[in-house]
Amino acid sequence: MSTVFEPEALSWYEGSARQRIAALVDPGSFREAVGPEERETSPHLALFDLPEQFDDGMIVGRATLDGARILVAAQEGRFMGGAVGEVHGAKLVGLLRAAKALGLDVLILFDTGGVRLQEANAGETAIAEIMRALVEARCAGARVVGLVGGRSGCYGGGGLIAGCCSALVVTEQGRISVTGPEVIETNRGVEEFDARDRALVWRTMGGKHRYLIGGADRFVDDSPGAFRNAVCEVLKGPGRLDLETLDAEQARLEGRLARFRTAGDAVAIWSSLGIDDAPAVPGLSTRAFRALAVCRENADDAR
Amino acid sequence: MRDWATQKAARAARIAAGASFARGKVVQAADLVPFLGAVLRPGDRVCLEGDNQKQADLLADALAEVDPGVIHDLHMVQSGIVLPSHLDVFEKGIARRLDYSYSGPQAARIARMLYGGQIALGAVHTYLELFARYFIDLTPQVALIAAVSADRDGNLYTGPNTEDTPTVVEATSFKDGLVVAQVGEIVDRVPRVDIPGDRVHFVVEAGRPFHVEPLFTRDPGAITETQILTAMLAIKGLYAPYGIRRLNHGIGFNTAAIELLLPTYGEKLGLRGQICTHWALNPHPTLIPAIEAGWVEQIHCFGSEVGMDDYIAARPDVYFTGADGSLRSNRAFCQTAGLYACDLFIGSTLQMDLSGHSSTVTTNRIAGFGGAPNMGSDPRGRRHPSEPWLKAGAEAYPSTPAPLRRGRKLVVQIGETFGDGNVPLFVERLDALALAEKLDLPLAPVMVYGDDVTHIVTEEGIANLLLCRDADEREQAIRGVAGYTEIGRRRDAGLVARLRERGVIRRPEDLGIDPLDADRSLLAARSIKDLALASGGLYRPPSQFRNW
Amino acid sequence: MTLAEILAGLFPQGHDVVVTDGLVLGTGTRPGGGVVHVLGVVEGAPLGIDGALKLAGKVLAIARSGDGTPILMPIDSASQRMSRHDELLGLNEYLAHLAKALMLAEAEGHPTLGLLYGRSAAGAFIATALATGHLVALPGAHPEVMDLPSMARVTKLSLDVLTEKARATAVFAPGLDNLVQTGAIHEIWNPQASLAEQLETRLAAPAAPGDRRDRLGAERGGRPLAAAIAERVASRVAEHA
Amino acid sequence: MERLSYTLDAPIPAGGTKSQAIVGVVASGNLEVLLERVLAPDRCTVEIATAAHGFGEVWAAVVADFVTRRAAGGLRIAINDGGARPDTVALRLAQGARLIAGDVP
């Protein structure tokens, strides 16, 4: 007998970037750097007669998590689809450079469609800078944890930045990918990818699949509390980035490619992982899924 | 001497012509176009089954392929103009006249074709009205229908989406018309007999299910705070005081919000068992949380809804189900139920004028009516009393002695004062009037007439038109809830204030509702996934609604 | 210039570079006798999971050697490979892995030099050329994030309007000059002068401390705000901490 | 973008002591409202940058109602609007006034 569904107070998926930060870190501990009152908006959107947002869709600052000092960045996925423009990107660059200097761990709350087209060159370059600053921070000993569960997913350059993080925490709704379904469909045809088939989109790029193939380290419910617990756990682990890490990642990615080279669909991959009723995976609750996912490809801290 | 059986002879001739393409009653899909060419006659009245949900899509596509040199000037009498092929037949000259009810997905194209003179329009009906005319002056000579399966004798299983089929077959087959059914598969024995085989003359196996549109699935993720506020107003300001137990909901997001607030906000108000127990309603996924929480006693359905079949089958105490365990829907009966046995209809519209007339027609889009004008009207033939009906009657006709006083069905229009793209809901003049002039129609396509509307709910409050004593009060009551639209800004502030004192207009604060409490966390489900979880995994949403 | 011409110009002493399936691998001999590792994406090939993994494996092997041999990365690619299968297997990880490998090799003392001589786009550009420590380009190179017709579709602006806007700013339209202005590309080499000399000059230059692309963008006017904002964020966060 | 600006007498001073608050996001049909406590407690200014042109009259009415009904005195309010409907604007303004008053975290 099922009972009435009672949602938690804040859905991560639905929440704004500011709500997510507030609900994630220790209450009242967040201090924003270059906040909306400074009105550092995009200098490029006016050219397209598009509205600006005072924080350009990126909120950065410091906070404490379980009492420990950390740095936090959050993308607002509803403003321009969370896309990375000049100011948006520069804020994260600055934060990651500070992480290197200060030796502080960083949380990146992803919610992005990738590069912002109206300032594509600035966004593309910013993503390269973010990746470099992230890698340098990690080489200096900082952990950088990516949280993926927003409306806009983690696409394009966002997917590449996520791939540089020391650990990723995802929800079922969270999607991680480079090329979005619509772009694949536009370039290669609907036979290659039917972008309107949402079940296909999620089983190809969604959180469950990413977790199962070792593309993410923790799979959590769509709530700030679940993210918080998982983040605290992975922050206890190593985040070091050195040649050994990358050798291990090389082996991990080679293994994945060898094992699933011929798999045509996520369901085939899940089956070959040893999941009996693979087609039922998307319908499973978090708890049931995690129990089943013990057979997943491990991420081995190798990223 | 007069031959009294010309129609029987005509049907026999059609059957004989069709038989050359058939083995028994079974026609191969590959032969469908020449088959239709053989059984149809120019000028036939044809019912091509299709409403806002199920579609005889295989037959529709085949009909659009017949040779217009042979088959032309058909008179289409059908519920829905939904598939592109429904209009292709007019474009190609196969059909000429049209009497119909609903054209949502083809609203723009049908408008262009009506303006272009490619369609000779009889009338836009409400479903029940069109069904009624099937038995009087629009009886089909040929019906092209859809079912899930058939046996070789033509017994049909229509499954959960029975919808219009029994009505169409009744009118056609018993008046010597020809019935052709497309079925997903031909089986030895159908799970239940929805249409007896002696009413069906030919069957064609499509090899796939007929098309069904998930029209009644509303993603809770898209419900706005303002819609939640209007839903709170409706529950606390209308459902509770009138004690609405028997009702019908439209398909908009405002009413979806009401459904999702019942187990949360409604529960907090202690209304379970007091309101919303008996429904004429499609199997709305958004009602799942309320059903699971024990709010709903029973629901009769016009049609089914994609993905809801297993859930329905597992809740037979709530839904009408057949011997096979699956839903039995019936649009004609459910429309009748909505008209006569419900005390409230609540739905949304695109435009409303100062008399309360509403319409979903805009100059570029003619969406038709579907069931709304039937649901959204006061049945003058009703004779049984109920508390809400009597209370509304007393408000409307206070000076009439109670034993001679009609009750009133509550007909509620709910919506935000501005729609998509900041288009105002309230207008000086309905676009429907411009359309009527342009097409030279004797009647403007008004969905719900002002004199049937009893209440208007917007984010600004509730206007109770039953309490208005003259046209001026009525106009100001409407202006008084029209928000920041031009209609709203041009209100007579003094008169509106007096109407509010009399309770004709009630603001959120008058009902103890703080608009800032209208939060999405009040929704019993905030996503389609929540609905699937609430159903215990029985509701299986179609792919386009999933984000998992 | 063709790849063969470029390699001949860079390595008059010879090279053993071969191209297979759009990937270029090998070494070139420096005038002084040392070598330069050459690896990249050429012939307009898209970069998929297998290509990225192969390049990364090579980069990591070089990094492990610890001999400080420079890595030259010629690029004339398409974008990342746009396919369901690549995404299914986690293309983002493969591309990020390659980028990380390049940056780690650099940190281990192997200067990385990107040489953009043809096209490159989107994720492939980020994972290769933009992940090197210093990116040079040859005239005729054509980097792009998205082509203008696609951009016109997405922004619902006409191609004419976009072309007109592109004249006013370097920030969105494809093309070498625009990416030089944003600071993504450090310098343009002169194809008329000796490529070998320009390479040697570059390799002799002291490694610049840190990523100075945002400052280049500010100096060149293509990204007026990025450097200042990044700096302000970093100092504010440090103050608070 | 259309830019609108209003300066009004505000009968009710904003509650609480927070120096600033921000609500909403700029998206299609949505808006952000930045409130800063920088004015005399009986004044309120509202600056709007909106993607939807020609709605000046509606904005004037929404803003006037807000300042009359809610605690807005002392606030400099800046709005970036993605074409939100007036009901959404009114709601965000009210949420902003509540947020700066500190009624909710």
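Going in written order, the chains are labelled A, B, C and D, and every chain counts its residues from 1.
Definition applied: a residue touches a chain if its C-beta (ideal position, glycine included) is under 8 Å from a C-beta of that chain, and two chains touch if they have at least 3 such contacts.
Since the model is a prediction, treat every value here as computed from it, not as a measurement.
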Central chain (by mean CA position): A
Chain centre separation in whole Å, for subunit D relative to subunit B (CA means): 41
Chain centre separation (subunit B, subunit C; CA means) in Å: 59
Distance from the mean Cα position of subunit D to that of subunit C, given in whole angstrom: 46
Chain centre separation in whole Å, for subunit C relative to subunit A (CA means): 24
Touching two or more other chains - residues of subunit A: none
Two or more partner chains touched - positions in subunit C: none
Subunit B, residues touching no fewer than two other chains: none
Which pairs of chains touch, using the document's own definition: A-B, A-C, A-D, B-D
Parts of subunit B lying in touch with subunit A, wherever the complex brings them together: 221, 263, 289, 292-293, 520-521, 523-527, 529-530, 532-537, 540, 543-548
Subunit A to subunit C touching residues, read off their complex: 31, 33-34, 40, 43-44, 47-48, 60-62, 69, 71, 86-87, 89-91, 93-95, 97-98, 101-102, 104, 115, 117-129, 131-133, 135-136, 139, 156-157, 159-164, 176-179, 183-184, 186-188, 192-193, 204-205, 209-210, 213, 215, 241-243, 246-247, 249-250, 253-254, 256-257, 260, 263-266, 269, 303
Touching residues on subunit D, where the partner in the complex is subunit A: 1, 20, 22, 25-27, 30, 32, 34, 36, 49-51, 78, 80-82, 105
Of all residues in subunit B, those that touch subunit D in their complex: 224-226, 416-418, 421-422, 459, 483-484, 489, 515-516, 518
Residues of subunit C defined as touching subunit A within the complex: 49-50, 53, 56-57, 60, 63-64, 79-80, 82-97, 99-101, 103-104, 107-108, 122-123, 125-127, 130-131, 145-146, 150-151, 154-155, 157, 165, 168-173, 178-179, 181-184, 211, 213-214, 217, 222-227, 229-238, 240-241
